[in-house]
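Down below are the structures I want you to see.
After this come two complexes, each holding subunit A, first together with subunit B and then together with subunit C.
Then we have the complex of A and B:
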């Protein structure tokens, strides 16, 4: 199921993608990279492009993909109260359990993250970023975040 | 007797787990000799024979198992696969559809894979029909071409005979060979037009290969085989939605609680999918 679904997503994305979202690489059906820009003039993200790394398991799309920001040439980790400096994103949508839904797609996840950045006004990292990054190593989908701020 | 058979069955299962299919088959056969009333022995042997590509033997085992237990899910499942492998998609579809219904009733985890066999059978059935249709059209084209050429032969024949008899009054002074060539050319043009018409129809048939969105499951992106509707009004293929519900009992779109008992078959959509697949078997791989 997952091969076909990913292939269809890929061919759809090759035809068209929303503004500010582009496919960087999809060489296999395990890892894809997407580039993301924030379109309005949000000063925190102006003139910057960010890279998202998607990792799929055999159970995709029943199971959520693993999605993180990654560093690369000219690509940094965006500053956001829900994005840790190691690229881990704290977003309900990306957590297995009741956050993820199999009707989501790579494209819709990119759009959600794009709008999460667009709406942000705080130029800061999550609380406890340093400790979190030190303790990291677990799969980001399995980290239990506390969603204490529904406005972001 | 039965305990001896059970012992042999367990030995067969052990061989099967090791991938020693021939060994497993022998044990199951010995077990059946001891006790020919246990359907599980036949379904086990049918599975191992399926792995060994002994499809006719699989069918025999499954039919025997079904005599003993008419609602054996495993027997219908293996039967469908063997029939598919033997190029009998119509029979395979009927067996797999029964297996699918039983799997739903028995809440078997193999629902999705059985649904896959059903789809494969539908595709194969369509491919057979397509092959037959193309053969029919080729025969028709050949027959029509023959008729045109025979008609031209008859006309040429007439012209040549008149020419020989010197009865060329109606020819308006045109040479016999020129008239002959005119007839031949007319016939070639007719044949070419005919081939164009046939070719165009075929090309159009291939061009229209797109599945309408409303027949597509938004989870697998496949055409649906057994759509069920949720409270929010959206339809999904039952097998995949069950997979999702097992993990998270929520409506994929609204995230409201959703349980297996809430799912209602969408019969109209199912009929639409079936109708579409009947004429468009390629859609299974689309």
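Then we have the complex of A and C:
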């Protein structure tokens, strides 16, 4: 639907991307994968690369994309109090009713997640991670997060 | 002023909502033009347990919003659209808005997301060299739109954005500009201009909803698919003295204070406590308490399933006697044979347990009766369905006319209402302290209960006998209804005068 917008984003990303962010694959206009590195010397994420999976609905960018970390060869799920071990990210920016704005883009989302990791000092998973992952199988969009922690 | 100020005792007159009464005043004043300064005794039409309320349709709510917007608009000299946003921002507290606006207009406008100069009609524009930040379209002659914040997007994207906010997220009063971090609220003129009629209607409906949600004197009828709202002047601060049962035009009776189904005579706070207690004290909890004891030291629950009386708590290693609950050391050499009944440490532990058991028994006493009436009320609902059948068979078998069998329906309705009341009298009684007025209350309760059971029994009669029991049934119905009124009158007057003493805090 918003083909033009996605194509534009893609061609812009092919030209240049901020340091630490790179495009892994974008074979169609439904799913893209991005690779992410934390640049400063945060010991929790040093020398590691993480992979983000973007899924666009027909209404993107009016609707937020579905964004989560995925596992692959040499790609772990980063440890963070807002990242569940199945890759689901609890970030208001990624939810329609809360922080998403259609002016955001794949690039800006990557940068936000990158800075979320950069600023983190807690080497821990969210509270109730095991339980949450057990009940998973749902799309992250159906999960109602309570954004109770503005500091991380 | 409407007649509801009888309930608004002196402490209420200076509260923040003091201006509310003129909102829906026109409708109110129609039938309330006398003065009620002399108090409620002079108005025989309303019982002590009843409250004044009005049911409003969607349309009426919309109109009353409109008239308030117009009023504020004429006072502040601002266009209606802005006043609507301001009023919503101030949760429809007109006086506060006007006062604040007089103190510092710009600040108030900024706060409400209106910003500076906001008076021109919204319109679409074609801008040379424009590229939409959302869809990246940059065709020439593209229609674009921006609010005063100048965040410009193509019409299509703006429309899509609004539609998704309204239809998918159910937003109305808090839709912000699509730009990231811009807090400007999308006004209704913009919505009118951009979205198709069907979405616009939904938007208006949502605005309507927020109006009712924001106003303390309005509440939606909680019945499924019911579109009426009820206007009642009872405030949350009064709920310990009043149980405001209202009855919607759709037939649903509910409490204006908490939205729960009708629960007179029990005040909202007790209802909440009671329901929570019932949830906590499940069957499991009852079994635990009947079959186990607690370790006197660490209060772990222990079930004794054999063995001697010398208990060693698995958790804290405390050694005690199962019979007297005292420490084992004090038993000396009298193993397996507890004969030290009067020792202090043991009697304290037993006291504790006896107390908790007694309190459980007390709770179960009230709960069983509460649950019983709750259950009977459900059965009575089935009975109502059966009654309808009985009414038709009665018509054909005894040659009675339709109008002559209506007494059955009336009786069935009264029965259900009384069960509902009875049910809650038990929750009410559970929290009552024992004193003289409690005895009177219990007598009233007993009379109602007996009458209800008798009426209920009449219903069980086979259809051929029903016709002969008509007079008896009608008398009983009237009597039962009377008993219900007495119970409710008595409790309501006591609540209003704060005569009841409860074991818990009502507020």
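Please note the rule applied: the second predicted complex is superposed on the first by the 151 of 152 C-alpha atoms of A that agree within 3 Å, B and C clash if a C-alpha of one lies under 4 Å from a C-alpha of the other, contacts with A are read in each partner's own complex, and residues count from 1 in each chain.
As a convention for this text, a residue touches a chain if its C-beta (ideal position, glycine included) is under 8 Å from a C-beta of that chain, and two chains touch if they have at least 3 such contacts.
As the structure is a prediction and not an experimental result, all values here were calculated from the model.
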First (subunit B), second (subunit C), both or neither touched by A:65: neither
Touching partner for A:87 - first (subunit B), second (subunit C), both, neither: neither
Subunit B versus subunit C as contact partner of A:78, first or second or both or neither: neither
Subunit A residues contacted in one complex by subunit B, in the other by subunit C: 4-5, 8-9, 61-63, 96-97, 101-103
For the subunit A and subunit B complex, residues of the former touching the latter: 1, 4-5, 8-9, 61-63, 96-98, 100-103
Parts of subunit C lying in touch with subunit A, wherever the complex brings them together: 133-137, 153, 157, 160-161, 164, 168-169, 171, 178-181
Touching residues on subunit A, where the partner in the complex is subunit C: 2, 4-5, 7-9, 59, 61-63, 96-97, 101-104
In the complex with subunit A, residue positions of subunit B that touch it: 112, 218-222, 240, 243-244, 247-248, 250, 252-253, 255
